[in-house]
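What follows is a short report on a single structure.
To keep things simple, chains are lettered A, B, C and D as they appear, and every chain counts its residues starting from 1.
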Amino acid sequence: MHALGVDIGGTKIAAGVVDENGTILAQVRRPTDPTDAPSIDRAIAAAYHELAAEHEIGAIGLAAAGFCSPDRRSVAFGPNIGAWRDYPLAERVAELTDTSIPVVVENDANAAGWAEFRYGVGAGTDDFLMLTVGTGLGGAAVVGGALVRGAYGVATEVGHMRVVPDGRLCGCGHFGCWEQYASGSALVRTARAALVAHPDRAARLRELAEGGELVGPHVTTAAQEGDPLAIELFAALGRWLGEGAATVAAFMDPSVIAIGGGVGDAGDLLLRPTQEAFERVLPARTHRSRLATIAIATLGNDAGMVGAADLARH
Amino acid sequence: MHALGVDIGGTKIAAGVVDENGTILAQVRRPTDPTDAPSIDRAIAAAYHELAAEHEIGAIGLAAAGFCSPDRRSVAFGPNIGAWRDYPLAERVAELTDTSIPVVVENDANAAGWAEFRYGVGAGTDDFLMLTVGTGLGGAAVVGGALVRGAYGVATEVGHMRVVPDGRLCGCGHFGCWEQYASGSALVRTARAALVAHPDRAARLRELAEGGELVGPHVTTAAQEGDPLAIELFAALGRWLGEGAATVAAFMDPSVIAIGGGVGDAGDLLLRPTQEAFERVLPARTHRSRLATIAIATLGNDAGMVGAADLARH
Amino acid sequence: MHALGVDIGGTKIAAGVVDENGTILAQVRRPTDPTDAPSIDRAIAAAYHELAAEHEIGAIGLAAAGFCSPDRRSVAFGPNIGAWRDYPLAERVAELTDTSIPVVVENDANAAGWAEFRYGVGAGTDDFLMLTVGTGLGGAAVVGGALVRGAYGVATEVGHMRVVPDGRLCGCGHFGCWEQYASGSALVRTARAALVAHPDRAARLRELAEGGELVGPHVTTAAQEGDPLAIELFAALGRWLGEGAATVAAFMDPSVIAIGGGVGDAGDLLLRPTQEAFERVLPARTHRSRLATIAIATLGNDAGMVGAADLARH
Amino acid sequence: MHALGVDIGGTKIAAGVVDENGTILAQVRRPTDPTDAPSIDRAIAAAYHELAAEHEIGAIGLAAAGFCSPDRRSVAFGPNIGAWRDYPLAERVAELTDTSIPVVVENDANAAGWAEFRYGVGAGTDDFLMLTVGTGLGGAAVVGGALVRGAYGVATEVGHMRVVPDGRLCGCGHFGCWEQYASGSALVRTARAALVAHPDRAARLRELAEGGELVGPHVTTAAQEGDPLAIELFAALGRWLGEGAATVAAFMDPSVIAIGGGVGDAGDLLLRPTQEAFERVLPARTHRSRLATIAIATLGNDAGMVGAADLARH
């Protein structure tokens, strides 16, 4: 069965018809206004009508940035869209599309993780962890072949698992959250700290920032050039990522862990220290027939659309 | 369908016929020799034959202390029984019982957690966490109605999730494992440390130990009498239990958390600080429609037998 | 012998004639321009001339915010005054005052701590620790009757002793510095975090902030009113202060610890949890004939002037 | 003036005549019985009489393992000698030697540190830190040219400064003490943990232990052979040593830090990671005219005798 997957961004939606192999047969994009929630509903319906004219669509999956209700019908809280407070998104879309096919709402990180599980580096396993290292640290998990959604739709908030008691302050109001150690923001914050504490060692970073604010790509560039401090910063990020992943693995025992998100683009600079740290602290290592594979995610920006479509079929 | 649940201990087995309501209709116990693995197989078969004479048994579930293979057929590693290294327990029992009914092997903590999920404080939810606070810290989890077993049969090793980087040394060879902070052993170790660091405040504990070694029940007794230090020791244990549970909840978002095991018998001395700590550090608390319920487990020693029987039916 | 003590602030100086009992016999204030270092030198000289007309002055002590050279002649680095980079302050003042009496430069926190040691809560001891809990966490120490200045004039940087590995980010570019846990800024930051993580418990704090930014006095007010969250915030600050003080005491074994600075004004709200934490974690407690006294500092704003004068005499 | 320095061990004393250059002119050893404190007093007196026959002795310094009274007359608590509880050692020795020359008691670590300060790697500085990395972690400090003794004779208990909140359990009854991370015992404990957690990487260590218990020299041997795990274990020890030293340096700002004790024999294996860590986390590094020198102590086993003699002269 073909399904429509819709990735709902801040100012546009991307909708695609996805077949059972995860292939996008056709797709459209439409602008939306984040201050006008119904504009999003209408854009989705219009995309549906346009694509349904050419393709038979058996289900609609909507990937939304926010917490979704456990019944997959509403957005309980969407931080970027003011009206998304217990917003009945599936119902609205069903009304506007005037179909009786299933419409489901899924968290966007879950949708992307599910796509990676079905068609990316997670294909072939039943126990899969996706860690998305972007500005923050997000994730998704599949346990025994089923997506982990949680009792209240607030599961796999991996970025807020505590890794250091009384550690770094997080925007969530708690201290020591994993994303304060393993995210793009953490990388930049640590790099800026090094400018202060180690002006000598940070010469190349300062140079790249050219008197402006140091940002993530400066660190990546310096590391790729071989700057020792920048390489250390990625190594530290990887260490936290791997050590945290080992704690998650103690709980869910995955066989594949995918690293996605913009920081994941650093490739081996990040992947190798992540793997080393994971292996170093994974409990009961000798009792697993093999170590979980840690690999860079492969599906990129289409993952949300593909995953939402596939979840709508299930 | 009735199923046979077998709880395999170090020196005996307990086998019971369990109906679909979790009621034990009949049970037998038989001694076993931990240095003679076949003696265990034979004891199980004998128990089966005895009980099958009176009851129709549709499946056999074996609760084993150790890591079990993902196909639920073997014990990959049983620390207490020397021969249990990739031991084909299900096959041996099937041969000796000479039946074609399903025989499955499950980790004993998983079996007990499953029983609590089906018939105890977890009944009615789909996302459930069991924390067993005994000598160590064990657990089991149900996610979306399914038991978490892991890709290699080594899931919910909650006691070895790291809660303090570079923290207390664990017998597993790692540092900072949760069970070094939230277990009966941790309670006793902390109490003994207080004897050294705070001889004045530890007067009642020393008195109870009567010149011998301080053990857990001394701490419980003192706390129940109102001894401030002993109450603090339980409060600290509860704090670690609740804070760690919040990290697990960030991942799996359960609606019920059961506290089992011998230390759980301390009741409110443990439960209240656990709940307070959980609420204090749970991330995204305001985005959950309600806080997870934390409650003392109710099934006690029969849980392994009942859970193994029920899992064999599924 | 009477000595002149000068407290050099950002935009003014305060100079006083101090006798050997620490009594200020006369004092003057003069405005200065922080962007014009010589204006400071001239203001000091003018104050000297004015006060020397009436009082015999045998030495001049200058309390400067910054790192001072070990020979007590220059300011190696003064963060607030641009020209204070290896600035020969004593020499300039000596030239302008045209006297041959000793002129010495001392770090302002050291001067204040010394005053408290000589004439305040530290009088009568030889081993004294002053902790100044203001925006940051500063301090001074007296060991065996002598002020601790360090080999490079950078001693008693207590606020930057590390108390949590990989802990909260500090402006100094390191992580886990004590002042990120035990200072006015830490109090406010933790209170603001509670507004996010615990909106319900933070109702009174939010009310006091009246839609504006929450600041330290709001927390103090709420705590004094009995608000449970605000009291907890002070308790947490006190706990970190006491635990850190115990680590310092493991090193220097003081008999008196003074708590100064604006946050110290909270009195028992801060003092009691500080004392409890100190006693709880002080090593070798049973081997000290008594616990160090922890008390609120008594000299207030005059301490820098009085201490600088007294240090100039020694 | 020549002074007699006496190093009081568990089962013998070593006494030497030391000149003002720290040279030992003559020495004797005598057996003692730790269960018979007067046997120690008599042995000291006998050694004095023997050496005084040939040398003019102007003072006697006694280096004792234990806490000494601030007046340098008694041993407040000596863990190895049962009768050393407020034991008036100086008085007893003065009586038995029947002289009116000064007799002082000093903590043995302080005596050794003082020797290193006067005649070893600390010569020429006024601010000196000695860290003795043996079974435990001991130390001594000189601040502004004066030995740090503390108000109660319990100073420079560096091994019990807390470096990790809720960290590893220490024999002192507290958690997270520095010596649990930076000592010979810590090295061995971590190595044994690696045998469990990383049996593959620990192959060489297991081989060296030959089925017996792994001890420190095995780790040193393996590291010197180039075994990666053993090198990492020393690197971790060095990291903790350097990071802790940076925290002490934030307080006392030394210009020389000496590493003594048996583990110090590992030389660069330990020294280099110590230096790197110290430099990485030292606060206000750019405000010190240079980094403190970290060097291996040079005086070895004679340090206690030499330092006690020299302290008796002051």
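Just a few scattered comments:
Everything that follows uses one rule, which is that a contact is a pair of C-beta atoms (placed from the backbone, for glycine too) under 8 Å apart; a residue touches a chain by one contact, two chains touch by 3 or more.
None of the values given here were measured: they were computed from a predicted structure.
Counting steps between touching chains, the shortest path from subunit A to subunit D takes 1. The greater number of contacting C-beta pairs, out of the two interfaces A-B and A-C, is seen for A-B. At the far end from subunit A, in terms of centres built from Cα atoms, lies D. Each chain gets one centre point, the mean of its Cα atoms, and the points for subunit B and subunit C are 53 Å apart. Separating the centre of subunit A from that of subunit B, both taken as means of CA atoms, is a distance of 33 Å.
Subunit A and subunit C have CA centres that are 47 Å apart. Residue positions of subunit C with contacts to 2 or more other chains are 164-166, 172, 174, 197-198.
Contacts between chains leave no pair untouched here, as each chain touches all the others. Touching subunit C in their complex are the following residues of subunit A: 164, 166-169, 171-175, 181, 189, 193-198. By the touch criterion stated above, subunit D contacts subunit C in their complex at residues 67, 76-77, 125-127, 141, 143-144, 146-158, 160-165, 172, 174, 177, 243, 246-248, 250-255, 281, 283-284, 287-290, 292. Those residues of subunit C that touch subunit B in the shared complex are 165-166, 197-199, 280, 285-286.
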